[in-house]
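Presented sequentially are two complexes of chain A, the first with chain B as partner and the second with chain C.
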Partner chain A sequence: MLTTVLAPRPTSPVRETHRSIAGRYVSIAVVTALTYVAVTQLRGDQGLVAILIAVWAIALTGLNVVQGLGGYPSLAQAAFFGIGAYASSILLASGVPFWLAAVGGVLASVAAGTFVAVVFSRTRGQYFAIGTLFFGAVCTLVFTNESVFTGGPNGMPVGLGMPIPVVLAAIAGSLGVGLVVFDLIGRSRFGRRLRAISADEDLAEHVGVPTARTKAIAVIVSATFGGWAGVLLAQYNGVIAPSQFTFVQGFLMFVAIGIGGYGRLFTPLVGGIVVVGLSQLLKLQPGVSQIALGLVFIVITLLVPGGLIGGAERIARSLFSRKATS
Partner chain B sequence: MAQALLNGVFLGSLFTLVALGLTLVYGVMEIPNFAQAGVMVLAAYTTWSVETAGAPFLLAAAAGLAVAGILSVLTEVLAYRWIRDNPAAAPAIALGLLLILQNIALVIWGGEGKALDTPYDTWTLQLGDVTISGVKVVVVLTAAAAVAVLAAVLNRTSLGRSIRAVAQDREAAALLGVSVKRQYVLSFLLAGLLGGLAAIVFAPTFQISPFMADSLLLSAFVVVVVGGLGSVLGAVIGGMALGLVESLGATFISPAYQSAFGFLFLVAVLIFRPTGIRSVNAQRVG
Partner chain C sequence: MTAALELRGLTKAFGGVRAVDDVSLTIEPGHILGLIGPNGSGKTTLLNMIAGTLTPTGGTILLGGVDVTSLPPHVKVARGIARTFQTTRVMSAWTVQESLALAGDARAAAIDAAEHVGIGDLLRRRVGSLSSAQQRLVMVATALASHPKVILLDEPAVGMDVEETDHLHRVVRGIRDEHGISVIVVEHNMRFLMSLADSIVVMATGRILSTGRPDVVRNDPAVISAYLGG
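Showing the complex of A and B:
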């Protein structure tokens, strides 16, 4: 307990210079532009992987709030992703105009997120993991069995609400906006509260952080991102099926955050590239890529607590300081 | 109705069997051992392979159990041991292990379901107008025996006393000369054996597939949460309650949503008791 108090404070976000903030926005703009180029210029399988990575990165940005900043293992992100995709597609199929359907998809996901938040935000780490995992499994059951609405296990076709070039621009743009929102959250009081919960929940509660409410809001924020990413995925793909949103997918999203590094700005991209990229590259045999992912994930969890980004930073810092001293 | 109740007892026994292994590991090391599902799958496949190669069922089951025990201990030695002082990383490690184990099964045996032949899957028991299959009888009897043996081991042997001591206070137990490391290995061995036993006895009612234990594992976790993480009696009570809820829900509302009723049960319990029905703080295993 005492060590937590005495540990050197992480560089206070308040005292950050304007230059470093500006630098971050420049890098977000560069990433957004690169994403746009990748999703519009790459063709065939490569283009598909790029789009999937970008859409995952949007969903992962939301997960990076509750899991990355708050340290809470949420395994429900793929379910929110799926709810957004299914709700918007079902609304679209029933004749609702696209923008209304898109809003409906996000709202459905937010409603589901609110339910998860209300029920599980009072529970602690392990219970939270179990509860969200089960929530994801139940959502898959609903997608599979309510075939009147969802088309059952084989999925449903999705009507196009906007032309494909607009969808692609929306994907890149949403990623950029999402990253900016994440950055703002990270520097806000809400973000600091989440970090406090992540560091020591009991202590945070003692010093007056409303832990349950903070966690609940974080879950709802993650559901918003997940729902919107689902709307985009459905629009691009033209067909959605339960297999895209199973709890295994939810758990791969959780893995992606761990691989990238908890709570870093670009974790969603790095995690998305590793998880989606590895699964697509090693398509040769179904299980092999997952075994590799599992091994990479465990090794990173055991040896590189900051994830790939944290590890790279540490290496860069030690190289830099060696150069400076020599 | 009688059929639904008996089915509930069968499901409850199955959940209890899996939950006992989970609760033991949680009580001793505070790890939600999702990898248990992977251990179960590999145990079932091993049994199937040995039996298909021509060995009698009991020998094949012994081979499956041995694999389950060894794998479970390996997960502790190779992975969990290294995060002993950082329980927050436990769900991540557990899920990573699950990913690896299930996909090893997928790579070796492929995604197709395999049917396990047992000497008892053709039996039926007639009680009045209710028919019970032999598999269900065997599952219920196995679970009852496992609970009795586990309770006896934990309460009556020095081995069980050491496990409980470590669960209650790791440092104090170590100071008094209990080998903490050995208790970890032992509890994972017991958990693996329980999981393997569950996988082999219930395999005939399902097909063996890499993901056969997923929904069972979720239900077992509900049992563990409801019964209080780390409580054997809680696992029995929670297991039976959940079995009845899922069976009645499946019979009277919709069989497709059987495990969803378990989720509703969990939600209902967590709303009223965020720490579970039988929360045990002072004594985490027993």
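Showing the complex of A and C:
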């Protein structure tokens, strides 16, 4: 047999054990519990930042499907986020019961995601990024200028559909559910196909992966998460404004995935902490914080291609192997 | 019997250049067809059109009598046309099993394909950690895992030594004999191809120069002059 003729250097096989899967679910449960404690117990600026991080992390979980697993830089996530927030708020203001308004908000975002998917899923690389950036820019214009529906640049008040403690529990719970869904997607045939597209799209197509359809579904999944995060943000904030959903926010979401590490389970949380948390807690001016985040993104991309989580894993692995050999 | 694959007047033009010009040929089920010719003769362009990588400018591709000319690559894979590439293209960071499962969608198909090409004991290894020859076998196994009717091998023996080439020879023969799959092999290694193929098609400047059994083609004066040399 050829393999005995040409023995390659030994490497450790990648194997998913039941123990590692169970470990991930325990981690998700712990993160969900800590998120709940943070959003309910922290006060003032810290409480607000914790809630923003959690809501962003829900939206970023969707982006982690298309961008993290599929390797496709979507800059439309803030637009989906905004569509969910505005559509649910407009429906609520029209007298629609809250849960129907919430479903309507998500469906509006899914409809927008389907449009983006149909139009841009056959494009590649930078063309996909440019297309989604353009969509985000158009949505920002609509949020700002269609003042009859959106309240214009100053935003619109949002009727509360559920008490704040329930909103906070929903935020923490949604993050946990979102992470579980992401994990299931990552281990599914769909997730493998997305990873294949990320690794080599042409090769994936030639081994039978319907690349355009797979990317389209990923965009729609991403829009679903974004829309639901928007509903939650609107419910917590009580007011929404276009500045929360600009294409700059979409770009920061793209940066957050890169900082956390493409396609990793807790990337949305780590990316959210860095992008939302640091800039808010350090009280940087908007322009300065974006420059700082840009520099962080460049440094991480150059020095730690796997993002902060990938870098931490590498350090842990090297420490562990050093310990094992000593 | 319906041909496994039939090309009728297949043509590919890039601007004013006809890389493949009015090529027609038929491959019976369980047949190994060798495709040879000088560099730039249109061999890989022909494979690219059959696999769906390129859309033909003209002509028809029939798979089992069904027109598949303009289908995208992933649909052609589903219909039964699988391919390997001239340069090694693999999912380096994936294990062999993960790579094969992507094509086969079933663990059993992945294991069967790996065992058939002789890498059954490497299923849990990262593809990027394998030798060049083993990575090329992963490409063949990936093609095999998709349950094809026709496999297109683009210079599969590149970079292989004599022993590895002999192993590949047995693997391709096995694909034909055990699975009844038709194989089109583009290859410059004449020792390998002439003893492997049931028939040979020689291409030059995008057209078919000669067709026949390997021993006939080898002695064709036109082929000797255009490609094989004295």
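Criterion: the second predicted complex is superposed on the first by the 308 of 326 C-alpha atoms of A that agree within 3 Å, B and C clash if a C-alpha of one lies under 4 Å from a C-alpha of the other, contacts with A are read in each partner's own complex, and residues count from 1 in each chain.
Please note the rule applied: a contact is a pair of C-beta atoms (placed from the backbone, for glycine too) under 8 Å apart; a residue touches a chain by one contact, two chains touch by 3 or more.
A quick note: this is a predicted structure, and the numbers were derived from the prediction, not measured.
By the touch criterion defined above, A:P165 lies against neither chain B nor chain C after alignment on the C-alpha atoms of chain A. Contact with chain C, but none with chain B, is seen for A:P210 once the two complexes are overlaid on the shared chain.
Contacts of A:G44 after superposition on the shared chain: neither chain B nor chain C is touched. For chain A, the partner touching the most residues, choosing from chain B and chain C, is B.
Looking at the shared chain after the overlay, A:F135 reaches chain B, while chain C stays out of its contact range. When the shared chain is aligned, no partner comes close enough to touch A:G95: not chain B, not chain C.
Against chain A, the residues of chain C that register as touching in their complex are 51, 53, 72-75, 77-78, 82-83, 85, 89-95, 98, 101-103, 105, 118-119, 121-122, 124-126, 129-131, 133-134, 137, 142-143, 146, 163-164, 167. Chain B makes touch with chain A in their complex at residues 26, 30, 32, 79, 82-83, 87-93, 95-100, 102-107, 111, 210, 214-215, 218, 221-222, 225, 229, 254, 256-257, 259-260, 262-263, 266-267, 270-271, 274. Partner chain C is touched in their complex by these residues of chain A: 1-3, 5-6, 8-9, 11, 13-15, 189, 192-193, 195-196, 199-200, 202-211.
By the touch criterion given at the top, residues 71, 73, 75, 119-120, 122-123, 125-127, 129-131, 133-135, 137-138, 141-142, 144-145, 247, 251, 254-255, 258, 285-288, 290-291, 293-295, 297-298, 301-302 of chain A touch chain B in their complex.
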